[in-house]
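Next, two complexes with chain A in common: one pairs it with chain B, the other with chain C.
Entry: the complex of A and B
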């Protein structure tokens, strides 16, 4: 991984470490095994969505629809008796949403914010149609995959590791990965160099939507039921995590390490606020400030890249 | 229209190619044939269509009519990737090096070596190192390109084009940012490609390069094919005549021969920067005063200080208006005050500092009419005035709502000058009046400036082209080390005499850099 295009710096890596140290000192229950397992369970979904959000950010895009995709994917697996059929449907949904978003942005030239805002709203409606109130039942097979330990490792961590590995291979071992970085830096230059920029952008949105589906299935499986509003917060949270991780929303700069540090920071803030008994409303305030600080620091550091 | 027959089968044949952008015909019924093992120059004025023709071959644009054949087979190049696949490698005029990729990744972008479907990083590094070594560029293939200088990025760009596995190589004005040694290196590379039996298309304005290493020349003019000739059949003058369609003599408007009018701007003292020399000069109505010198001798600072763009340290300047009244003039008060006094700057980088590229021509000119109006005053909508101005400027555009960014360099410069004319400016400070302007439009811009002084205006023109100074101006000021060291009449001035003034004491030691001035 090349440091000049990872966007990671000592600040993005230091933030979660600092939060961890602070919480360990301030909240005695923080280091309890049960709490750590809870935290990792909470962070897993955000991390998986944020991995996808990063891929889109690398091509200078943004995907607000990930939250609705998560919700709808969760509702799909919660309403289908056959787990295989439910997962297949959900993945097909991700593929379609990614294609629509990507083609809208790359071919129709719609701004990514508007394009994904439309799909977000559309899919949110579908989720409520499918499952007006939280409920349904996720097949127990999936529930078992999302909870508990495997070889002594919490299963949520394995979900994260698998997704991170997949994205790592995609970005750093395939031609598509290099082309994603190239298109993000300058789509026209990449095009002149024989990169098929439209295909690259569409692929990025497809990858993002598929990861959102995975996160949705994971989250639904964790609580064994579907919820049409389950993912609502994840669209903006994933953008926040990505920005906190030093990934440039203008494209071309980002890394998996950045996503991990960004998602960890957000998750630790949430956990800390719970443990310390601080008003949960302050969470948003704090996150907003952090985001602003992160983006300000970024622009000064990597400007011109 | 007949093509020269040179026996062997042509590698690339373009027949009856036409291409329109909007209502502008960029290419009309153009024919071209290039043979393997030759360097084929493509030349013509700016806007002649040479870049467009090459972009069709590079797959960037698709022709509206006509057909392309490569190796005897018709091809349809729907995008740059398809052109590469067809064996065409292009070095574009613009830099396409990506700053967040390494040198190796940039060199092999779009044709990465793979193993089992995954990128083979090790092979990529060795391939890149081989390319760099073969071409003789000392760069670490793992360095990010964002950390390279512009010159180094240009070298990577050329290395990328040259190293491609292709049979046709296109170079679109690759030498603009290169120094002499680098041009020599490029020449070697081109000759090597030729020796390998490749076809090289070389776009350039630089006649010396064309005569040095090209075999065949195709001249385009106004989007039409003019001729294709072997280089032996041409001379410099003939080639220029083919490109321009007229001789260079007619470029400059005649001087009046009358005595200059009353003073317009009397600079008694001007110190542009702390520690800089004091400059004194006088601009009179009815004359064009030129300012020249070696690069970086402070002439640019003088003109910018006068314009208020670079507020001077100290100054004592008097302005005489048309009625002969004397007003104090202090550029330290900023550009707005300077413009209020009727002095306008035509900047060297008009795209960045002068024009609103996205706005239509009419709005760019109309802004001049707003000079001196309060912010809340109703803006004049003088359509007739603007149309008349466009006619006076001899603008070549689709219509007046065309964005200025779409115009050629010459037409942009005309709009820039037109804005000041509309604003009723009576003293123009012009930096590099014809930089990036093709030969035909040059004459028209010279004519505009001459007409402006004939109507009682005054012009101070900064140029690094000595021939331009001699041809355009009435009087030439030479600047050395921030000091005006010579004030000579342009009539009868020679390049040698002006150079001598620009150099003086270090004349022998500085001779090589003097060549850059005239280049």
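Entry: the complex of A and C
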């Protein structure tokens, strides 16, 4: 795949490497195994939800509702005694939200920002209705799946790898993946060439919501309880990660490597701030500065959005 | 509601039909506000009293101001999500007591800050061709991060007496914040209707390429829109700080996304300004009235949020389907 379509450049790939090198030099405890395991546990949820955000960004959309979907999915698995039933319910929720978002954007022609803003608000209310205060109990089976090691590899890393592999297969080994890139690059050309653009856009939103559900289940399982405000920050956070990875919000340009580098950069910033004893509130400032640097390094043709 | 209007007017004379068509073409904010006012008249008549209505209008002033800036940039196919950060920074400058300067100097510093933020946003979007959404999100994150980190060290102080007084005052029975809102709204409406800048903005939004080829300074138009939007955010900050009376790091955080919703419900979309300046203003009042109405129903947080989301989606849906 060429760099024009992937959005990856030496800046997006170099950023996490640079941060890694800086932290390894500045903080001696950074390279300790336990710390690296912690980092992987911290970024897993962001990486999974950002993969979904990328799929939507590829069709020139944006999904702000992923945060509320994560919270609600976490609350669902934390309030259901049967893990299988809880996960099924959460996935069904993701399917419904994705369908509503996708149909609203593709069929009704509502701007994605407004469409997903309204579903975000609605689902946040639903999460508070289901679980007014943080609590509940996630079945231990799920907790065991999200913590510890399997064959010497931290389980969070396996969650990331599984989701990244699934999205890779979807984008580069299926017809839908090719159509997603085609619709994102030029919806009208794609339509004239026989691509059913509406179905493609709806599928992209469904994939995004389903990945947000997976991230929500993972996050709830990791702390073994639900929290109705758990995912609130992930909506804009995932957009940040995607943008840091060189993915264009105007559609058609993006790659899994970009999402990994973006999420990794954000995770390393958080970890570095903890290790170096910097005020955690400066994290937003640092991230913002990096974002500005990243977007300025990639000059586009269009002005505006 | 809209279907009911058209079927009632259809059999009448052509003039009535023209009226019906004009009504149907109105942004969803008008119909939404009419429905809300009717519902309130039946269910919570006290909301429509002469005492509460000006208070709701006062409360709508920050959103109404923010949506003016937002619609200016949206007409040029851009977006401004930085108002949250600007407002928090304004609140800190005015209330922290960290800087040994008088209130007037602090307010000038706030305006200077707004100017800097607007110029940075505009320059990065126009010169570096960076995505407006990312740039304004990033400036908001930078400002909020700095302020939150700084304000950990001391408790927030009181707002300048002048601003608190202004937020309480009324002239001829109209609260001063509403007058400030009108004082920005009317020039903005005139600017769009009667000046070259307004025509340039419409041309740029309608087709940026054609505007550039026609020699219109389309980049400068977008740049100026962002500067104006940031300065309006500072004004929102002044009013909000006056309302609360104290410094706060959560002030105006939902304003950026709500102003986006209000602009679209008011008929302004990316690259088009069909709703003019009146549509977004009505939408700002509609949303604020909606929040008050839902609170007065005693639904509690979950029900309030769910209804709010559903109503915004329904209004956007009605408008989109109607335009097809």
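Heads up, the rule we're going with is that the second predicted complex is superposed on the first by the 297 of 305 C-alpha atoms of A that agree within 3 Å, B and C clash if a C-alpha of one lies under 4 Å from a C-alpha of the other, contacts with A are read in each partner's own complex, and residues count from 1 in each chain.
In this text, a contact is a pair of C-beta atoms (placed from the backbone, for glycine too) under 8 Å apart; a residue touches a chain by one contact, two chains touch by 3 or more.
Quick caveat, the model's predicted, so the values are computed rather than measured.
Enquirer: With the two structures laid over each other on chain A, which partner does A:225 touch: chain B (first), chain C (second), both, or neither?
Expert: neither
Enquirer: Which holds for A:191: it touches chain B only (first), chain C only (second), both, or neither?
Expert: Only chain B is touched by A:191; chain C is not.
Enquirer: Taking the superposition as given, does A:178 touch the first partner, chain B, the second, chain C, both, or neither?
Expert: The first partner, chain B, only.
Enquirer: Counting only touches as set out at the top, which of chain B and chain C does A:296 meet: first, second, both, neither?
Expert: Second partner only.
Enquirer: Given the touch rule stated above, what does A:42 touch, chain B (first), chain C (second), both, or neither?
Expert: neither
Enquirer: Is A:8 contacted by the first partner chain B, the second partner chain C, both or neither?
Expert: In the superposition, A:8 contacts neither chain B nor chain C.
Enquirer: Does chain B (first) or chain C (second) touch A:270, or do both, or does neither?
Expert: neither
Enquirer: If you tally the residues of chain A touched by each partner, is the higher count for chain B or for chain C?
Expert: After superposition, C is the partner touching more of chain A.
Enquirer: Does any part of chain A touch chain B in one structure and chain C in the other, and if so which residues?
Expert: In the superposed arrangement, which is not itself an observed complex, chain A uses residues 304-305 for both chain B and chain C.
Enquirer: How about chain A: which of its residues touch chain C in the complex?
Expert: For chain A paired with chain C, touching residues are 62, 64, 104, 108-111, 113-115, 117-126, 128-129, 132, 236, 239-240, 243, 248-250, 279, 281-289, 291-292, 295-296, 298-305.
Enquirer: Would you tell me which residues of chain C are touching chain A in their complex?
Expert: Within the complex, chain C contacts chain A at residues 76-79, 124-126, 128-135, 137-142, 144-146, 148-149, 152, 208, 218-219, 222, 257, 260-261, 264, 269-270, 301-310, 312-313, 316-317, 320-321, 323-324.
Enquirer: Per the contact definition, I'd like the list of chain A residues that touch chain B in the complex.
Expert: By the definition above, chain A touches chain B via 2, 4-5, 169, 172-175, 177-179, 181-182, 184-186, 188-196, 252-253, 304-305.
Enquirer: Chain A touches which residues of chain B in the complex?
Expert: That would be residues 58, 60, 79-81, 83-84, 90, 92, 94-102, 105, 109-112, 114, 117-119, 144, 146-147, 160 of chain B.
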